[in-house]
Every structure is written in structure tokens, then in C-alpha cells.
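Each structure below appears as C-alpha cells.
Below, subunit A partners subunit B and then partners subunit C, in two separate complexes.
Up next is the complex of A and B:
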């Protein structure tokens, strides 16, 4: 990536972050909640894209880290009594540490087996979460009011703080990814995206790169899982380790937005939320349209909305 | 005396299939050595075994006296053995310049690590790449793509360059140009191992050769002394 391109990306990211950053001063709680959801979706999708779009690691069990992060946050705040603002950043090393054994098991599996293995591991974690004493069993447990109130005594204050947390973390994740792509490992990552075998043949340490990506992904998913818990105000196996919200919709977002591009998950999240807001009342039809759109994208424009925009802007430039 | 790169009694299996059997070859600084053989003779398997892409079942790969057998490809490249892979393997989403710089990055080198290989030197060697440095690597002609692949390998600052079928699909004049450049590099002390199906080309540019047949070395010697009939027998396993 050229330096100019990197600086332009950085500039846009900071401007957009700045605009969203002042929004809580003007909008109502419902809008803030909606946008917080939007940020979390982008953050989770960026991390899935980092794995699949660059590292060629297709996991369908990344909701494992979201759930584990949520449970770890509950354990730290409610059981160990650690301050919530300290517990949140601690979710990062927790997720990274959890990613080590998870990857050690999964890395022995290839492609489809890896994907299925990741899913099975996540389901096992879901079941285990319902069995650990002190976490409310299968129905889960609420965060205590004192912990919730650390983030603001009124709903408005709390919502703004969670909004800023989600925005800040997602911007940080995007920043981390564009810095990674700009770094010494950036070309290796893009080469792996193009052709992993060829990248290995010319000397890319594909094992190191994959471990690094998996650790980053696990670490930040765990943090996002903890922040998601602040929105829901409770942990439960079914909601915290939710495959539909934590993985399936995320795959949709990345595929439709454009896999292997940083802008992809952002576009995908916008498309997803527009569809959700307009169609979710129609029940099964909504899911059928989501699925159909994902398959159509893979068949017609595998680079997703990002690829489509790229093609259109090229045409306009050539015409001009 | 230790050889720069020495392959000792190397045997390689793919499952039950025996791809290489008791291969012994060596290469010194400042020479071009050719490995010739027909399709399926085991030439590419030999490169894969040396670079760690296919772990050998027995035998060893020694580089400057250091045992590199079963090392990862990335460590082999960092040690000083670079590959120009078969089919060139240019990365389409990277520009010409990024494809070249990737070599430096994978070897863990930076602008300031004192490697004799810089972009300027590459562009001196292949001026056409400088003109096209912003294009996508795959937009270039076959010969130019081969120059990118060689440049990418050189940017790792290798002592030994392994070239897998670099003449494949290229016009004779382009092949000559590429080999002329390799000869210049060899004069500066680089060791080049070329793997070729094109027997006459390989013999004309190399100082020594190994001929492979069915995973074994069937003949070897000085390229200038090679008796064409004997080489053809060793190449095809029969007279033609």
C-alpha cells in the first residue's frame, strides 16, 4: 500500500470517527442504541474479514470469543470485584490467551474441517457456560445495578458511554488493521489473500501470520463481547454465544460488503442494517432475502459492494 | 571443505509414491548448475524438498554447513536460499514494486539493513520494471513477470537462487536476456540452480549439470563436456 493511500484512509477514518463522536449530543437513546449495534457489527465483521479475507482462515465459531468475553467480563466485575473500566481492557489479554489453545486444536484441521471444528468448539463452550456455577446456568444472570451504573446513572449517560466505547473500539480495530496492512507484514497478508501456497513458496511465514491474526481476532472479539453485554445487561449461554448474531450475520456482512477489503465490512454492515430495518417484520422472507443476496453476491460479484463500487468508480474515471 | 549448498542422500515420498531417491547434489558460489529432466522426473520436487515445501523422508539439506532439513520455507529463505517459483507466482493485487518489495519483507530486511539489494539496483538490472512499477504485477508480459519473480527473490539477499522452469512459455530472445542477467549475478558470487526441461538451453548457460530420471540422478558432469546422446539417454531413459 502506498503511503498516500494509507494517510487518506487514516484521515477518512478520523473524520468519520469525529462526526460519529459528537452525535450523542444531538440524537436520542434509540438512535444511539442502533448506532452502537452498527459499530459492534462493523468491529466483529472486521475481525472475521481479517481472518477469512486475508489469512484464509474460515471459522464459523468466532462467536465463541464474543461469549467468552462476555462471561469473562461478568466474572471479573461480579465475582472478582474488579472495576468495570479495568475489566473491559482485561478482556483483550483474556481473549488472546483463549485463542492460543483454540488455535492449537483447530490448526490441526484443514478448510471445511477447520470451519466445522470451530463451530463445534463454540457450541461446546456454550454448553460449558451453562454448567459453570455462579453464572446462572442455562438462563444466565443479569449484571448487578452497581456495575451497570458505573457507566452512567441515567439511561442517557449510560447509552452515550457505551456508544463511545463501541465507536472507539471499532475505530481502534480498523486502525490496527490498516496499520497492519501498511506494516512489514502487510504485503505478506495481501499476498496470502491472493494465493497462500504461492506466498509460502516465496518465503512468507504463513504459520506465524495466521497465529498472529487469530490472536488479534480472539482478543478483540472478547472485548466486543464484553461491550455487547453492557447493551444486553445480562449474560446467558444462548445470547452471549449466539451463532446467528455473532457469526452468521457477520459472514453475510463480510461477503456482501466485500471480503479482503477494509471498507467491505463497513458497507456490508450498512446493507445489513438497512435490510433488517425494512424487512425484519416479514419473518422468514427476510432471512430468505439475506441468504439470496449473499449467494447472488458470491456468484455475480465475489468482491461484494466494495468491488462493485470500485468497478463503477473506475468506469466513471475512464469516461471522464 | 564445506559446499555452499549440499543435498545428501535426499529421499522424498508423497504418500507411498517415491518422488526422489538418494539425490546428491551440491552447488558453489559463482556457478550456474542445471538440473534437467522431463516432466515428472522430480525436478520441482527437488526444489520443494530443499526449500521445505515438501519434507523429505530421509537425507539432508546443508547450507553453509548448517542443517536446513525440515526447516520451514520462511527460515530457508531467511538463511539465504531464494526461489523463483514455477509459474512465476506474481501476486495480482500487488503492484510491480510491491511484488518486488515483498522479497525484502519476507526475509525480514528493511531499507537500513545493509542488504546490497535495493529497488534502485533492481531497476538498473531490469529497467522496464521501473517504467511499469505502479501497474499490477499480472498486467505485464510473461518475460517481465519473470523479471519480477527474479527481483523478488533477489530482494531477499540470497546466496543461492533456485529457478524453477524460468524459460517456460517465453520467447528465446527473452530467455537469453534473463540468462544474461543471471550470468552477471553469478560473476558477483551468487550461486544459481536452474531447473529446466529445455535441455539445450540449460546446458548452454550452466557450468555443471545433473540429469534426472524417475526421481533419481541419471547423469551428471560438466556442461561443456556433455555428450548429447548420453544426455538424451539419461533424460528419456532410452535412445531417441
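Up next is the complex of A and C:
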């Protein structure tokens, strides 16, 4: 039964990836940019969901890794002269390596202090990024044309390549999480999500699992931060370490979509983008509606859209 | 028979609230020990100390000769101590079988295939096989208690800690649970059972210890303990025979 469920998930993921994969042949650059944003949001939200939804690690400073990944990518390509297509995967070990000292500091803090500590660390990194020589200070610096052209000489080619990169990485992240959830660590994760004390009492090494999650999250956020830089074509402390885009909207996506479910961030990203496209012109009202919807979800349907769809489909099954 | 569990001058406080001043306790291998005591006497704290969920401020807790007082809960579990919780703690969104697989794959380090086989056996023995594919959050109280028991015994612990497993059950449900308990435990498994439902406890255990006033006030055979003046004072408000 579980194996069938896994195969269905895998099949569905590959079909959706295939459909999105051929889209650049038919859509314009604006649509590709919109969808690239969509993929990046899903990827970042999946990683936050992995931490908070399964591991119970509530960090509000994960934009630290997005920013660090962006700066590392710039350093590797523009300063060290490493080929951009080699620099991108190198962002993964960089993020994992950075996650070690970050977690070593944060793991000494509990609950709210952990969350606040993660935010403070991200802000410290933002300030430090503006002070490092060679990175353009507070206003940042653009990627050189030669690096940008590695991804395509025309805007269309470049956009297609970045689109495929974002799609591929996000599909890989989802695949990794689905496979992880099938393993003994996945059972441990689901158990920790439901009841951490009971999980420890039946032999789950919750410290190991949390470290593993933090490393995976840091590694792939760093990669997504590097890909995000290709969209912006520049790094800057304010844009690369942006708490609103990198953490606050992500928390909204996970909460509204359904925390602790793989489908949750996908549904949440769709809801977020629909709201953004229809309401962002209204200024502060847009943010008030986002906040109100997140609070309403937590009060009325804590499992988000995924939980709501689950309940509806169960009722339909039972009625049948 | 050797001791499987020993408490040596164990003290425990939460902030300024002292739970145990200095507890000494020995439990022999294969023994079935019941623990009685009024609310707030520290019965669940005793189990939390053994299972690593909280640490003693002073003293030593030895399990099979090894100190477990400073070990993490998962390491305590892997050393052979299984427990249930007073308030059932299911993995609510997982199926009943998955609830067992968590411990079997992570705590007992079994392959998924072995774990499924052992899990199915434990569910059969505890009468839960019929709901193995249901999510744990849908279970009745009796089935939740059975699940607590199944999750612990599936790991085949050498020491089983039962925390008020009969609490809240009807007379008939208690009888069912006792039958299951007899079925899933054997003479090699040491059992310590905290319970308020005395008639259920006395049908299973060989000895009883009573916790009160930050210490074990008495321990011994069931009749002797229930006749002990301090126990009578605690439970009946009088030292006179009723």
C-alpha cells in the first residue's frame, strides 16, 4: 500500500515535471520568469517544511542560507573564476558546511529562542555581507556579462536554462524528500512530526535526525540562493538575505498549504502566487490579507489546504 | 536472581519543587512490580527518570549494571527498556502498523521487512490487527492503550514500564487488557506497572511499592503493603482496619 503510494507520487511528480519541462518551447519569457519564481518558492518552502513540519525545527532565519549561497556563487564565479555550471553544485557542500556551525550555535537554544536566534544570525550575516571587500558593500554588485552569458546569449535562451535549472532542482528536492520519507528516517520524521517525546521513547535519535534535516535544508537553500541570483543578475545584502521573500512568505506558503505534508508547499505556493498576482496592487491590504489568511488557517484548518483536501476526499470515499 | 534495575540515592527536583529526596530501589529480573501512590507523588517522574526523558539531580540509575540516568531516551530504549505513557501518545497521523514500524526500524534497527513481520505479530497479540491500516488518531481509548502496549512490547524490551495503562477503562476493558498483558509478557520480561486501578494491578504484579512524601514508603507483598499503616492513611484516611 505504502509502496504503491510512493510509486503514484513518483509517477505524478515525473509527469508534472515533464509537462513543465516542455513549456519553455511554448511560452514567453515573462511566463517563464513567473514559473521560475514558482519553482524556487516551492523548493524553498519544501525545505522549510522539512525542518518545521517534520523536524519541529522552527527557524525564521533560513534566508541566511539563500543569501550565503548567492554570495558563495558570486565568489566562486567572479572572484575564483570557477565555471558557473561547476559553481552551482558547489553551493550544495558550501551550504551544508555553513549549516554545521550555524546549527552548533542554534541547537543550544530552545523553541522561541531558537527561532529568534536563527533570525538574529541571518541579520548578522546580512550585515557582514555588506562589509566583505569585493562584494559591492551595502549596494551589492552585478554578475559580469560573461558569467550571465554562460546561461545563454539571448534573454530567451538564458531564461529557458534558468527555468530548467529551477525546475530540475525543485523536482530533485521533492524527490529527495519523498525518498527520505520512505526510509526509516522518514518514519522517524513522521513520528517526530506527530509526537517527539514518544518518538524518542521508541528509539528515534531525534538529535541525529534534526542535524540531518538542517544540513539538507542548508545545502539546498544555498543552491536555490545561487539560482535566485541568476534571476536577479546581482547580489546585494538586502536582496540576497531578504527575510520577506526568503522566510516570511515561505512560512505563509507552508502554513496555508499544509505543514508536514509534501503537497502542502506546492498548494501553498499556488495560493500565494494567485493572491500576489491579484492583490499586490492594493499595497498594505495585500499583506493584511496574507496575514489574516495564515491566522485563519491556523485556527480553522491547521493542516492547511492539504488537510482540507484530505478531509474532503475521505468524505467522498466514505460516501462512495 | 540478579537485579535488572537499581536506584541509588536518586534525587529529583523541578526548579524549587522536590519530587524525590533520595530514592533507593531494586528490581529483580523477571519481577512484576506495581507502583502505587497519590497524584503528584512522582510516579510518572520515576518512569521519566528510567527512560531518560528527565535526568536525576543526584544519584545513579543502573539498568543491567549500566548507568542509564544520563543516557538519552533513544539510547535507553535501545538498551532494552520499553514504556507506555499515562496519556496515550500515538503518532496520530500514521497508521497503527506504522506506529510500530517507527520503533522497530529506528529503535530495534530492523529492516523494513523484519519490522513489518514483527509489527504484525505484536498487533495480532494485542488485538489490534483489525485496525492495522487505520490512522492512530481514529482509535478508541482502549485501542490507544493497546497501541501503547503494542508499540512497547514489539521491541521485546527486557524491562517494560506501564504507566496507568488501565486508567479510564471499564471493568470489561480492564479484563481484556489484563488478558493481553498476560499474553505479551513472559517470565524473562521485567515489568513495572504504575496504576491507580488497584484491582487490576493486584491481579498481575507480585509486589507493590508505594510512593509518597518524596520517597518509597513501603514495598513488599500485596497484602502486606495494602495493610501498611501509612498506605491505609494515604488511601483511606485512617490506619484502622476497614
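Here is the rule we use: the second predicted complex is superposed on the first by the 319 of 320 C-alpha atoms of A that agree within 3 Å, B and C clash if a C-alpha of one lies under 4 Å from a C-alpha of the other, contacts with A are read in each partner's own complex, and residues count from 1 in each chain.
Quick note on the criterion: contacts are C-beta pairs under 8 Å (C-beta built on N, C-alpha and C of every residue); 3 or more make two chains touch, one makes a residue touch a chain.
Because the structure is a prediction, the values reported are computed rather than measured.
Peer 1: State whether subunit B and subunit C clash or fit side by side on subunit A once the two structures are superposed.
Peer 2: Subunit B and subunit C clash in the superposed model.
Peer 1: Between subunit B (first) and subunit C (second), which does A:190 come into contact with in this model arrangement: first, second, both, or neither?
Peer 2: Both subunit B and subunit C are touched by A:190.
Peer 1: In the superposed arrangement, which partner chain does A:201 touch: subunit B (first), subunit C (second), both, or neither?
Peer 2: Both: A:201 reaches subunit B and subunit C.
Peer 1: Figure out whether A:317 sits in contact with subunit B (first) or subunit C (second), or with both, or with neither.
Peer 2: Neither partner.
Peer 1: Do subunit B and subunit C land on any of the same subunit A residues, and which?
Peer 2: On subunit A, the overlap between the subunit B and subunit C contacts is residues 1, 184, 187-188, 190-191, 193-195, 198-207.
Peer 1: Please give the residue numbers of subunit A that touch subunit B in the complex, ascending.
Peer 2: Listed in rising order, the residues of subunit A that touch subunit B are 1, 184-185, 187-188, 190-191, 193-195, 198-208.
Peer 1: Inside the complex, what are the residues of subunit B that reach subunit A?
Peer 2: 51, 53, 72-74, 76-78, 82-83, 85, 89, 91-94, 98, 101-103, 105-108, 110, 152-153, 156
Peer 1: Under the stated contact criterion, what part of subunit C meets subunit A in this complex?
Peer 2: 51-53, 72-74, 77-78, 82-83, 85, 89-94, 98-99, 101-103, 105-108, 112, 133, 151-152, 155
Peer 1: If you look only at subunit A, which of its residues touch subunit C in the complex?
Peer 2: Subunit A residues touching subunit C: 1, 184, 187-188, 190-191, 193-195, 197-207, 260.
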